[in-house]
Each structure stands twice: as C-alpha cells, then as structure tokens.
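Each chain gets a letter, A, B, C and D, in the order it is written, and its residues are counted from 1.
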Amino acid sequence: MAPKIGVYICHCGSNIAGIVDCSKVSDFARALPNVAVARDYKYMCSDPGQNLIKDDIKKLGLNRVVVASCSPRMHEPTFRRACQDAGLNQYLFEMANIREQCSWVHTDKEMATEKAKALVAAAVKRVALHEPLETKEVSMNANTLVIGGGVAGIQAALEIADSGHKVYLLEKDASIGGHMAMFDKTFPTLDCAACILTPKMTTVGQHRNIELLANSEITELSGYVGNFKAKIKKKARYIDMVKCTGCGRCSELCPTSIPNEFDCGLGKRKAIYIPSPYAVPNKAIIDAKNCRHLKGKAEGKADVCRLCQKGIPNRNQPGCEAEAIDFNQQDEIVEIEIGNIIVATGFQQFDPTKIYQLGYGRLNNVFTGLEFERLTNASGPTNGKVLLKDGSEPKAVAILHCIGSRDTNYHKYCSRVCCMYSLKFAHLLREKLPDTAVYQLYIDMRCAGSGYEEFYERLQEEGVNFIRGKAGEVTDLTETPEEKGKLVVMVEDTLVRRKRRLPVDMVILSCALEPRPDTEQLARILTLSRKADGFLLEKHPKLDPVATTTDGIYIVGACQSPKDIPDTVAQASAAAARVLALISKGKVEIEAAIAYIDEDKCAGCKICIDMCPYKAISFDEVKKVCRVNEALCKGCGTCVAACPAGAIKGRHFTTEEIMAEIEGVMA
Amino acid sequence: MTFEPKIVGILCNWCSYTGADLAGTSRKKYAPNVRIVRVMCSGRVEPTFVIKAFERGADGVLICGCHIGDCHYQDGNKKTARRMPLLKKMLSQFGIEDERVRLEWVSASEGDRFAAIVNEMTEQVRKLGPFKSNGGAANG
Amino acid sequence: MTHYPYYPGCGLSPEGFGRAFDWSIKGVNAVLGLDFREIPDWNCCGTVPYDTLHEEASFAVCARNLALAEKMGGDLVAPCSSCYVFLSRTNQYLAQYPKVKKSVDEALAAGGLEYHGKVKVRKVLDVYVNDVGNDVIASKVKRNLDGLKVACYYGCQEVRPIFGKDHPENPKYMDKLVKALGAEPVNFPFKSACCGGSLIISEEDASLDLIKKLLDSAVSNGAEVMVTGCPLCQLNVDAYQSVVNRKYKTNYHLPVLFFTQLMGVAFGLDEKELGLKTSIVPAKKALAKFI
Amino acid sequence: MSEAKTTTFIDEICAIPGGEDIKVCIQCGTCTASCPNADRMDYSPSHLIAMARAGMREEVLSANSMWLCLSCYLCVVRCPRDIKITRLMHVLESLSARAGLNSKRTTTPVMYKGFNKYIANTGRISELWMMVGYYFRTSLFKAIGMLPVALSLFTHRRVSLKLDKMSPESIKQLQTIIAKAESSGGDK
C-alpha cells in the first residue's frame, strides 16, 4: 500500500511559532513525496488538535502520521493513542522534535525554520518505512519488592500489603525505621516520632503479607515489568530469627562495648545487640567486625569468648537460653520473583568534617542535626537531656543553617528540611532549657508547607534569636574574658551589617541531606539514572515524579531528593497506588519495538548472543540459528548493529528506517 | 558568509536524547547545525550510519550515549566505544578527518554539557571547512 | 638532575628583601639534585597593585614570564606566594575568558612572544614534597633537628585560591616536611591566617594586629622558631616584630626563617650560604644545638 | 537614583573579567564573617556587593573597603557561591581609581601607584625605594616612625640601594607589551 502521510506542525502557542515559521514548514511538508496533507495548528496535543489527526485519518484515508511538536518523551503516547483511536496502528506514527531540540535552543529564526524542515523531512522519510507492530501482553506477578525500610518503604509496603498482595520489604540494616526512628519529635506539629512510627513498624513485622528481609541487600536484577527476578543477599546475623525472643540477656553478658551508630556514636552498644528499643525485627544481631569470637575465628583462633552463648556458669548467669546464637551462620543468597519494585533507600547526612572551619570533629560540643536528635530523644544516650560533652547544660546554643547545602563547594541544592528541623531544635531547646539563649544563623528561612510559616512565627514568639547570616567559622580561640571556655561563632549579621562574634556552649550544624554513597551502585543494578546532584532520577519532575525510566520501578522518599516526612509519605502512597493499578490490571504490555532474527539469513556465528545484555538470544541447536526471546528483549539494538550477516532486524529502528531518517535530515 | 556546517547527531534515547531535551527545557542556546536522529542505545550505531551521513553531505557526525556505567541497557555504550577504532579506520579510508566524528557521553542531567559539545563541535567542523568526499576511491 | 624554569620574583632577586630564600633554595637544591633555571630577564608579576590599577595589562605582564618559561619547558617554580597566585591566576583567566586571551595574545605578539597556556606554576614546597618526597629529604638529613619546636606558617596565599594541593585552611605538607627533618611541628591554628603583608606599608595598624595574633598563637603553643615559604610573610613577621612589641608592650623574640633555611641547617649546609644572618630576630639561640 | 543608572554600574563591573561573579551573591555574609579586615572597612565585603547591585556607584567607589582588602583569599575559599571576592575587590579598586573617587582615608592607592611606576620603568620592584617613595608622598612623620625598621633591614642586608634591573631590550619589550595591552583595552 502506497504511503499516504499526514503531517502536523504544532505552534505550541508561541513556544514553537515564536522562532520557527510553522506555516513555511507545513508548506514545505506538503510538497514532500507521499504527503497527502500538511497542516499547522496552535496546540496539537489539545483535543481539537488530536481530532484534526483523527478526522484526516478517517476522511482522507491516511496510513501514516507525522507530528512535529515537542519531544516524543512528552507526547508520543498521546499521538499514538490518537492514531489508534482512528483505527491506525500506533507504530505508523512518527514525531519530529522541533521544540526542545529546535525552537527552545535556537535564536536565529531562519536557521531554526530550516532545521525544523529538515527534521520534518526526516520523519516523513522514516515513517514511510514504518510497519505496523502488535504489542503483546504477558501476565503480571502480583508480588512487590520494596527496597529500604524507612518511613517511605514502610508506608508503601503497608498500603500494598493491606490490599492483600505480597510484599518483600528489604532493609540493609538490622532494623527498619530509617532516620525517622531516630527522632524524638517531628515538625511542624511536634508529634512524637516514636508514637506515629513504631505502630507502623510493628505492623510491618507482623503483617501476613509482608516478608521482612532485614540485614539484606539486592545484588542482581533481571527481567522486566511484571516479571522481575531479584537476587537478595541475606547477610549473616549469627542469630536464629525463629528462636531469638529478643530478651536482651546476651547483650548484658557481652564484654565488648562500642559506639552505637543509632545514637550517632554518642552512646554505646555491645557486639551482640538489639538495634533499638523499638527495633523491628526485635531480635539480636552480632556485629562480626567487633565480636571477639568471630574475630578470633577469622584469625584461626579456636574458641574465644562466647559469653553470650555460654553465660558465666560459676556466677550462675546462663547465656542465651533460647539457644538462638549461631556462630556458623553464613551469608545466603535467595532469589525472589516480583512484578514491581519500589525504591525507598533514603538519604545520608552530609559529613561536616569536610568543612574544616566549622570545627566538627575537632572542637568539643559541635554537633550534627542527627546527633542533636539523639540528645533530645528520651530513649537516647542522655535520656533526652541536652548536655554538653562534660555533662553540663549549655547556656547558649547556635544552630547553623545550610551546612553543605546551597554551597557550590558541596551541594548546590537546598536540603529543604533543615530550616524546619532547625526550628524544631530551637523549640526543643526553649522547652527543655528555658534559660538558654538560642541563636538561629540562617540565610533564608524556607518554611513552605502546611503550618510551617506558622511554626516559624511561633519560634519567634518563643524568643529565639534569629540572625540573618551564614556562619563563617567556629573557633575556640577566644579574645575576651566572656568568651573564655566557649565556642565562638563568627558571623555577619547581614541585617545590621556588623560582624559578630557569638560566644556559645553548643553549636548544632544543620547538615545537608545527600545521596547515599551506594546510590550509584544501586542505580546500576536496577538500571536507573541519577540526577546531577546524585539522587535518583524520576521519569518526569512534574508529571511523573514517582516513576522512573524503567517500567515497573518507582522511587519514593529522600532517595529522589531531600524531602520531609509528609512529602515522603505522600509519594510512597502514590507509588503504592501505581503498583496496585498494575496488579489489578493483571497484565503488562511488552515492548513491540524489539529484535527479530531472520532465520534464513542467520549464519549461526553466535556473535549476537554475547552482545545481548539481557541474555535474550539463544541458539537453536537443531536449526543452527539464533532466536530472540521476545519477553526478554528490550530493543536496545546492540545485536542488530553487531550481526555480520545483517540477519537481525531491530523493529521500529530498522537499518532502513534509521538510514532514511539520516537522509532526511540531510535533505 | 560564514560556512554553516551540517552535522548529524545520533543520540541514545535514555541519557543523551533526554539530555538534549533538558537543554531545551532549560532554554540553553546552542548552534542550530546539529540535526538529531534518535536510537534506543548508542550500541545500535552502525558504521554505515556514519558513512551514510557523509555520503549525503554531512560535514560531521556526533554520536552520544550514556556515560560508561550508566547505560540503560547495562553496557551498550561500552560496545560502542569498542567499535570506535574500527569506525575511525573506515573513516580514514574514506578520507574523513578524525575531528569530523565525535563520540561523547552525555547524561540525562547534562543539558549544559550537550549544548557546549554542540557549540564546540560546530566550531571545530567550521574550521575544517566543508567535507569533500574522495568517494573512498583512494583506498577502495 | 631535574630541571625547572625558575621565577625568583622581585623578593628573591639579588637585591631583594627575601634573597636568603633564594640562597637557601639553591643550597638545598644542590643536595636534592634539583636544578632551578632562572628565566632570563623575567619581569615583576605586578601582584595586587598592578592588578588593581591596570587590570587589562596585568595579565599580559604575567604572561610575558609564562611565555618565556614555556620556551624552557617544564613546570615553573615561583617561590613567592604572591607571584605564584598571580602567575597561576593568569593561566586560569586565559583559559576561562576569551577576551583576556585575545588581549594577552595581541600584547605578547607586539613584543614578539607567544604563550600557549602550557606552563604549570608551582611552589617550592610543592616540588620538594611531591616531586622529591619526604623520604628522600629525610635521607639527606645530617643534623637531625630533634626536639626543635617549629611553627609552620604557610600564610594565606600559599595554599589558598584552590590552586594548591593541600587543604586551603588546614594545610599539612610543610608540617610533614619539618617532621622529616626531625623537628617537631607545633599546633598552630593560625598557620594559614593572613599576616597583612600586602598592606603593611599603607595600613600598618591592621597588619600589626594580625602579626601579633600570629606571634601570640605560635609562642603560646611552644614554638621556638617559625618557618614559612613566603618572602612577604617572612619580612613582615620578622621585621615588624619589634614594632609589635612596642605597640602591644609584648616581648616576642621568635626567629622567622624560610623553611629552606631550616632544611639547609638539617642538611648540614653552611650558615652563611643559607643567609641565616639576614633574619632580624636572630635565630642563633634557637638553632644553637644544630649549627 | 534612576534605574538606568543601576544597570550601568553593574554592567561596568561585569565587563571586567571576574566582575560578573557579583550577580550570583546570595548575601550570606560568609565573606565578611571570614574577613580579617572587615571591621575596619567602611562597608563589609558583602555589604559592598549589595550596594554595588543597588547601583550606589559613588558610595561604593569612594569607600575604603576594597583598599583594605589584604588579598588573603579566605572569603574566596569559603564563599558558597564560589565568588572570587578578592578579584571583585581589585575590580572595584580599579574602577574607583579610574573614576578618581578613591578614598582619601587610606593611602593604599598612593602606594600602589608608586609600585606600578617601578614596573613600568624598570620591570622590577625594590622594596626600599618603594617605601621611600611612599613615605615621601604620604607622611614624613610616619617615615620617621618607620626608620628603625628600615635601619634594621639595612643592617641585616635585607634591602639594598641598588636596583635590580632587566636588560634594556627586555624592558623595552615589556613596555611594548604593556602599551599594547592597555591600548587594546579589551577590558574597558
């Protein structure tokens, strides 16, 4: 059937028409071979715009369509659907990108118009060669993997599990809870973090639809939306999870005491320990790096310590009575099959030792935000008392904003939550130590959220000293008697234009939220992309902020960008809804633009087999030819380029189609 | 009038094409000399595409893919990189100068970088002048 | 022998106030097997005053030296911190601003020169620590400076404008070198603070204040000598110590040496060759054990 | 103060390489908090930037602030917007001197001018002659105060009456280069 092509040039208001002369382009298109009709219109993606296409298909009997407008990443699905509605196979459509890659990036109208013409010519040449393709449907595995057990992962897991579907919740640490579990209060409502989070954590631990894989990490992923296979490494815990009752006797016996990560190193824990009072799972774990027995074993020493297991019999102190301790446990790899994945791996706090002049790690009583959270937490190392390293109470505290954020030397972005948690800290200080002076050193107060500005005003009323200026330096080199023994914060009060030296006892650094160091590795395993700032990249920042470019994988919470708990939870619920929608549909469409091997041309050289990243090509020993597994092929085309016999066809990206496009842009 | 080179850009869908889109959404201005052809993966690029472009009058070809390690299809770009020496050899047989063909890694967040590469390459090719094919005759 | 083009700058020139730095560098180089070759007929880098009042020409003034060095090949060594900053900065601006490059190229061409931006500018300390290495330096020590308490004073420009290899506020590489000589670097929080050298003539009060803080910190941390790699710092803290004492009623007697002089002492070089006597606060007492 | 004037002053600053940084300052005050001389300045470095952006040309150019900058670069190291404040200070000095507005409450410009004359004439600088020239032009009284320092420098062979000069051909070459750079005035 001879191609009969309709070409539609979009003005996109003035977005395109402001630079590209759209009527000239449509005149040009009209004269191209095989073009039956060419029109330009204000908004092609609008209903009237789409109707233009549908009507022409029906009335003029078009069998190919080209739209020149925005990026295909934006509206290809829209126009494909319009074609389909009018009875045309959706693959008989092609888009020319004359906005993102033309009108928005050029200033010379004439050259931009010429370029737009070339792009349209290319699309017209290409579309003439398009073939109708049928998308296939495969069934959908209803299980979901959630990676990361912070508030984001917990929320998503619960919503999916509650609707009756199985969830694997993967957490690399010994307990779920993430950062929120470390807080005492949360802004702006000052809810007790434990009161709102621990019930959810417990529910996760007991939910019959949730399989909690704590102390575990993902190592490999294969498959595609609806049918993923993941390899999970369950790291040895040295505890039998079934037998352990979480009684804590073992910890009491253990002689090895080390800084507790959960308390940011401000408190101590044992080598065998239960991560926190509300840990889920509430079971012991042995820290192999510090356990005397396991260290000894690694060095070939036969039997060191084991007090936790054996107890101290002569003092009538029995060891673990449940016989739950198992020093022979090994790391274990399990494989699970799932249909969807939600990534909720969160953030890490910026390490302020990098900013030498702030004295963190060098001067006593300079704390990070998370450390201060632990100091105010009733179950923290000081039982919630705000104390200096020497055990006394501070008389003056300075809270320093934007540490590692909004700073080209570290992170350019604003971390979005630190203004608010700094206010929270100020409030907790006013409440716990009413006579202590509190200074907030800020550049801008960023309090955009429901009830946030009101919280700021409340803190002003509570008598906190707000100084507009970023601290330049924290020093213990004092100059006057009243500074003696204190930390001096140097700052310009930019509202009065005076350099000030603030003598205080405690400095809190409101540190940036940054991507976790293993984000790159995780992105590689899951084939996700990252943004310039290192956080995971969403599919579209406005219109699809929870999906990724890989179908079936969603990102939620602080692994996408710094965000607070309300935003995190909203996003987690959104992703859960997306997953549930797919599960309820039960089927997924698989890509039709994939590779196909012409058995007559295939020489059986097997070069393609090694080329395929998805092991989609197998060799037929009988016919001595290769074959593509349609469910596994993702259509990258690497094999097509590599086949010496030219036997592989990359559907929708055939050599002829691409060549035609190249000829077209050069026309 | 200054010589306006024609350059064909072959970009992978996931990183580089998205990066070029980002240059657009952030309104970065760059030279209008590059016309972009989209492929799913830089690993799809065949030497014949490049030769075809020159044959049809291109003065340069720019190939862009995801950074090594970031390939949407795991390591298609590594395969592209491995094919480059072969491609360059073919090009020299056709009398095509090395500087006329560039392979660059551009991620989805590097709109700036994409614009800079286009400008730089346009200038470079402008300096080289229009490409005149020797039809590959000299070396067969 | 490794060769480097060498730019002594006005301070280290034969008539300059920091000539002892030049002498001691040469002495130490002989021991370490380094060859610094003076750029023939170099000119003053112009430093702050020139940049300030003739910003168009200041790049060209620096570039003339770079062009001459480029002909010689190799990394250029500029001992004075200010020369170092202004020469490196010229490289940076030439690369960053086409406008600057154009004007400099034209100016150089008028003088029959050209510069292609290939010269890397480095400090003596950087060459010693990173090209020679502290191990080699330690192996040349003849008189271990055991027990000598040293305040390593880097000054502001040595490490600052991101050209350096060390931390811009808490540099350590001079401390490590001093340790390699057997001496003991003391805690000295002001090690990269400014001495006010560039304004000592016109804004004396401000500068004296800064010098006093330096002396205070070094002496209270037990330093017996201060060493530095900047001729301006050395001049300032040495020559104005008596003025500080007069103004603040203090009584500092802290010898201020070039670190190369200290190296020379450890290598057993002759006191004269090192120009120890050019120090105004005498170093004799502090170094008595070693010379 | 008209808005047109506002744009002009900013343009003037941005036209000098390095001056354009002024646009991205977020007025955080880190530079001032770090500056060893801020307390002596008429306006702190960050204040000066704000005034410049507000188009307060005369006030900015007649301030002593930039002349008190020690070129210690501490502000540059710490500025969260990677602004080369030190360079900006030099830019303002240059504009101030050209406009003839330089502050009379600091003698730094006089010193700088003397310094630069040496470069133009001999290609190199002598500390001693520069000091002599400076005190001669500013205050003889101060010079007397500095006599002991000068004397001690002299007795320790730290300064010399001789001038270290380049060869006449090289001086000529340098002068040609300077003349060309100033005439092409790429920066102005």
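The working rule: contacts are C-beta pairs under 8 Å (C-beta built on N, C-alpha and C of every residue); 3 or more make two chains touch, one makes a residue touch a chain.
Keep in mind that what you see is a predicted model, and the values were worked out from it rather than measured.
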**Where subunit A and subunit D overlap in contact partners, by chain label** = C
**Fill in**
Co-neighbours of subunit A and subunit C resolve to D
**Message:** Need the CA-centroid distance for the pair subunit A / subunit B, whole Å please.
**Reply:** 31
**Asked** In whole angstrom, what separates the CA-based centres of subunit B and subunit C?
**Response** 48
**Fill in**
Per the C-alpha means, the centres of subunit C and subunit D lie apart by a whole-Å value of 21
**Multi-chain contact residues (two or more partners), subunit C** = 169
**Chain-level touch network, classified as line, ring, star, complete or other** = other
**Prompt:** Pairs of chains that touch, anyone?
**Reply:** A-B, A-C, A-D, C-D
**Message:** Quick check on the complex: what are the subunit C residues that touch subunit D?
**Reply:** 10-11, 13-17, 19, 41-44, 46, 48-57, 59-61, 64, 82, 85, 93, 96-97, 99-100, 102-104, 106-113, 156-157, 160-162, 168-169, 193-194, 196-199, 201-204, 206-207, 210, 235, 239-240, 242-243, 277-280
**Prompt:** In the complex of these two chains, what residues of subunit D are touching subunit C?
**Reply:** 16-18, 36-37, 40, 67-68, 70-74, 76-77, 84, 86, 90-91, 93-94, 97, 106-113, 115-116, 118-119, 123-127, 130-131, 134, 138, 142, 148-149, 152-153, 156-160, 162-164, 166-167, 169-170, 173-174, 176-182, 184-188
**Complete:** As the complex stands, subunit C meets subunit A at residues 167, 169-170, 189, 217
**Asked** subunit A touches which residues of subunit D in the complex?
**Response** 26-35, 38-39, 43-44, 46-47, 78, 80-82
**Request:** Using the touch rule from the top, collect the residues of subunit A that touch subunit B in their complex.
**Result:** 71-73, 97, 99-102, 104-108, 111-112, 114-115, 118-119, 122, 520, 523-524, 527, 529-532, 537, 549-550, 593, 611, 613-614, 634-638, 640-642, 650, 653, 655, 658-659, 661-663, 665-666
